[in-house]
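Shown next, in structure tokens, is the structure this report addresses.
Chain nomenclature is as follows: A, B, C and D, assigned in order of appearance, with residue numbering initiated at 1 for each chain independently.
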Amino acid sequence: MSKWIQQWTMDAIGPRNLILTERPLPEIGPHDVLVRTTAVSLNYRDKLVLESGMGLDLTFPFVPASDLSGIVEAAGEAVTRFRPGDRVISTFAPGWFDGLRPGSGRTPAYATLGGVHPGVMSEYVAFPEDWFVAAPTSLDAAEASTLPCAGLTAWFALIEKGQLRPGDRVVVQGTGGVALFGLQIAKAAGAEVIVTSGSPEKLERALGLGADHGVNRLREDWVERVLALTGDHGADHILEIAGGAGLGQSLKAVAPDGRISVIGVFEGFEVSGPVAPLLLKSPVLQGISVGHRRALEDLVSAVDRIGLKPIIDKRYRFAELREALAHLDRGPFGKIVIEF
Amino acid sequence: MSKWIQQWTMDAIGPRNLILTERPLPEIGPHDVLVRTTAVSLNYRDKLVLESGMGLDLTFPFVPASDLSGIVEAAGEAVTRFRPGDRVISTFAPGWFDGLRPGSGRTPAYATLGGVHPGVMSEYVAFPEDWFVAAPTSLDAAEASTLPCAGLTAWFALIEKGQLRPGDRVVVQGTGGVALFGLQIAKAAGAEVIVTSGSPEKLERALGLGADHGVNRLREDWVERVLALTGDHGADHILEIAGGAGLGQSLKAVAPDGRISVIGVFEGFEVSGPVAPLLLKSPVLQGISVGHRRALEDLVSAVDRIGLKPIIDKRYRFAELREALAHLDRGPFGKIVIEF
Amino acid sequence: MSKWIQQWTMDAIGPRNLILTERPLPEIGPHDVLVRTTAVSLNYRDKLVLESGMGLDLTFPFVPASDLSGIVEAAGEAVTRFRPGDRVISTFAPGWFDGLRPGSGRTPAYATLGGVHPGVMSEYVAFPEDWFVAAPTSLDAAEASTLPCAGLTAWFALIEKGQLRPGDRVVVQGTGGVALFGLQIAKAAGAEVIVTSGSPEKLERALGLGADHGVNRLREDWVERVLALTGDHGADHILEIAGGAGLGQSLKAVAPDGRISVIGVFEGFEVSGPVAPLLLKSPVLQGISVGHRRALEDLVSAVDRIGLKPIIDKRYRFAELREALAHLDRGPFGKIVIEF
Amino acid sequence: MSKWIQQWTMDAIGPRNLILTERPLPEIGPHDVLVRTTAVSLNYRDKLVLESGMGLDLTFPFVPASDLSGIVEAAGEAVTRFRPGDRVISTFAPGWFDGLRPGSGRTPAYATLGGVHPGVMSEYVAFPEDWFVAAPTSLDAAEASTLPCAGLTAWFALIEKGQLRPGDRVVVQGTGGVALFGLQIAKAAGAEVIVTSGSPEKLERALGLGADHGVNRLREDWVERVLALTGDHGADHILEIAGGAGLGQSLKAVAPDGRISVIGVFEGFEVSGPVAPLLLKSPVLQGISVGHRRALEDLVSAVDRIGLKPIIDKRYRFAELREALAHLDRGPFGKIVIEF
């Protein structure tokens, strides 16, 4: 086990510091598993961490990215949940197993892979077994790697917290990774789905994935359109992905007793909106920041049962990380994945 | 039954139009009860309706106020829930019996007494029996009249929606009517209560009512104080009564998975706050606009069992409505009630 | 409006007392609608009421059956929710609009149509407007008539109370009216459905409707089969329709933190089961007795959105009530409906 | 650290095999803490395990009992949650941290201390740090030792699952350890509490602890009395501790939409009851088997805030285990604790 492995690392914040380096194969402790990476899914957050550090206490050399598919190559002596050969995916926020999130009001928990914890853009990782869950059997490695952050965020908002029901009317803002998972999960739960986007071509593709309605938010007032499409009822659940001042629009479009899940990158943003609909319609407004491991296991189980196939806009090779990040900047339709 | 009764009415918006008038005793239909008013509790909203109409479609001559205690004097032939002699209180939003609120995403329901429906500042009212619930047996008329709006709002936020638990840490902003009900209900549920106010004297009185801590928000950073008092945990539930930009502070003070209930008068207000704690702590933020009839019945039942006594800052006589409204302007400690 | 109408009535309990009679067209009060019946769906309960009265305080001449599709022919002057020409369906338990059920611990509410209230096996009925909801637009009259009792029972158990999620594993016992609605609703919510039956032919038909697995409970141990099919996980939700000692089996088959909805006719039955799985798996066990009007409205809305088509085993004509009741005795696959 | 410690052990099932033995001080691994025991609380389950093994796969020599108070003496190098000197209590079911319970439908989890895991009737234990939570600051060691099983069971039933509200009417069956915690927790949550017992003297003591009503179940029909005391409403929550056929009575006494928590020792028992109230009142019936670690932390936090003092019927010394077990047989009023 003295072989050398490749990984992408940075010695300082800034994309120009991102280089391909070598290190010895990591060693495992009694509770760890050694995982050979087979695919890594990128999130917009990864780009922000690369570019700004997002205020996180990073350790250098820093390995970016958080979402991995891999195969267990070796297991420490105290490991009970996995054996060599098992296909696994990573969890975004290790230590949050189920129920209430860790952290305090003063110091919210934000120890994630590719942030406070090391990242996964490496041929091998050696992490505690608790940081992984079994991969779905119905997805390939690239597809499975999209579940830990984007897939789980949509599932946590719509199902774990939102308890979506057949016939509910759901608005999904945009066609990025979380949005398309939102579309697919909402359809699987029997909901009617309205997708908003500024791109006619992306709306067309969203309709092809099962969206019931597409609304071009640049050409029409999406709030008015949602109210019209729902017979004035409004949206039972809105995946508010843009953040910021869009919340005011969502408060106008939501149904009484509805739900607005605020999702997204938050560096420097404010939410704001009028109080009147917040009071008179009494919606639940909740920020969603990924979710716990048990919910990821539920999602994996559901994916296998309902046949959900994550939408990957483009697959890149390990050496093409820069090109993949550039694609992220252009706003992909679904996910960008690196295959190893 | 041809006697004349007195009521306060307005022929146009504006407090100077408020006059004491006479009308014949109202007649009742088969589903109505005739109720002799014994007390009316005032809300800040009543003042706003008087002064601005709040954009509501009022019918003139308009009778103000929404919250009444009274005694059933006569019942229509189809009435089944009440008999003459029964002590009753009114419901703020007739037609919302239980479960989801009426109205649509486009047109939220806002048909309340002393607004779209007629008000109660009258010696007698004749309303459908469905608009009333039985008064608690342990309160006098003035105390009972404070339950339909202020009491129910606090109960709906903390108990019906908030499912408060013993040991939860609750922040109550201010010492107005809803705030003091929040304090009393939270204590009855076993919570630890922190009251914020700009008045040392009111904080002292709040401590006398059972508050565990008082924070002078003018002399210290209440967020920092709440974090310190809770060992960094933060507040499990915040009754956000001020509204507006205060929400940003509440997002900093709330515990992970906590709850912020936004309560208050909404004319022209915006809420705003930083996205980061909304995402990282994932609190539920929910506007609360009074509540349904079943919850009012639950509150009445609880009041009798737990011995809750509403806090009335001052009782006025029927002829003293103007003085009572002036007191509202000065910010009472608890409720202002008119006794008939 | 002096025309005569036909209806099935009984002067005493017992099927031999069931006869076709005539009466004048009923008159409507200010809050009533006159509805021309277009279809009536039968429930096994109707047969029990005919045969035994089920201990109910019936009024004679008694008109049986509870679930109707119809068209509003006239509306009283105070009616606001319907206009002549509207297609409606009845509610099973008038007066339960939303939230908690009416009645007390001593005297549970059981005032339903075709029981304490008059039935609907009549060419016209005149009932309060509150007793109806709008019919779905995507179903014919016969299909729509199956929603108020059988459809709502399955929906209330699985969705309103059970909050079913995609990927959940559901066991549906049998292939009667409630069971097939359970199958269809669970599939619409993304669940994996296992149907049990003693008939290979009915299992085959259930698979044709989308069931994932059929288990012949006469030829194999269904508990063992459910555990095997779910990889030992057990069933997240069991629609326990048989009642009685079957509960013990369901307790063995249910997953930890799962749910068993007990549905069925209850005359004289006991439930019983071992305590060990009740404690160690901590499932929720809940009796389900139809549901409230708001949930029926939700079901109607969902039916139109998800394209659910109720399964009608056979449609009979108005004059064929006796033949329809005989079919009920033989155990239909889905529902039996009378078309007018 | 070569000193010898004392513990109670058994080489075979049966109380006569229980002897006081010596062993070397246990060593700790990197994730373990060494805890010096200061008090152990006994549960009726401990007696059953001693006498019958309860079908568990015990390891001999077997150390009995599950609930400990202690002081951390040493911590492994990887331990992060505790330091030497910290006061701790044990968790009953290690590995269940929050949310859904571990285990499967086929094999429910039942790995508890003093069962599949080693017990705590020992001067020192060396367990993983994850098996402990911080002790409340307001209780002495003996009082704190009663929380992990009896206290948490009552809390989990009434608060975590039952979401008790002020004014709810709660029936607590008996005056044992779980029952008295139920009484105290329900009172802290603002409920009205009815205690049933066969002993007038114990009822008197329960009233002294705050019970609102005591019902002698041997001298009167407790169901009838509960209905009378609640004005026919019935009990919102029943702590069904006896188990078995008593469930039929609880189904008669429960309110519509109420809750029955089934608690107790389950060896060989069946529950049974009539279907009619289960359907018509639609209560939730749920077995409760202690609870997760997060709920124990909530209980600890609540105990310190609400000033709850566990009721200890008698404190015994370490050498008096046999006398303490004999007291358990006689049915204590609250808990029996061994002080070290």
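Keep this in mind: a contact is a pair of C-beta atoms (placed from the backbone, for glycine too) under 8 Å apart; a residue touches a chain by one contact, two chains touch by 3 or more.
Just so we're on the same page, UniProt names per chain: A, B, C, D = NADPH:quinone reductase-like Zn-dependent oxidoreductase.
What you see is a predicted model, and the numbers here were worked out from it, not measured in a lab.
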**Study point:** Count of contact steps on the shortest path from subunit B to subunit C
**Key:** 1
Review point. Using the average of all C-alpha atoms in each chain as its centre, how far is it in Å between subunit B and subunit D?
Key: 41
Point to revise | subunit A: positions in contact with at least two other chains | key: 100
Review point. If each chain is a node and each touching pair an edge, is that a line, ring, star, complete or other?
Key: complete
Point to revise | Residues of subunit B that touch subunit A when the two form their complex | key: 100-110, 226-227, 230, 232-235, 243-244, 248, 252-258, 262-264, 266-267, 269-289
Study note, to complete from the structure: In the complex, subunit B touches subunit C at residues 31, 97-100, 292, 294
Check your understanding: What part of subunit A is in contact with subunit C in the complex they form?
Key -> 159, 163, 165-167, 185, 188-190, 192, 298-299, 301-306
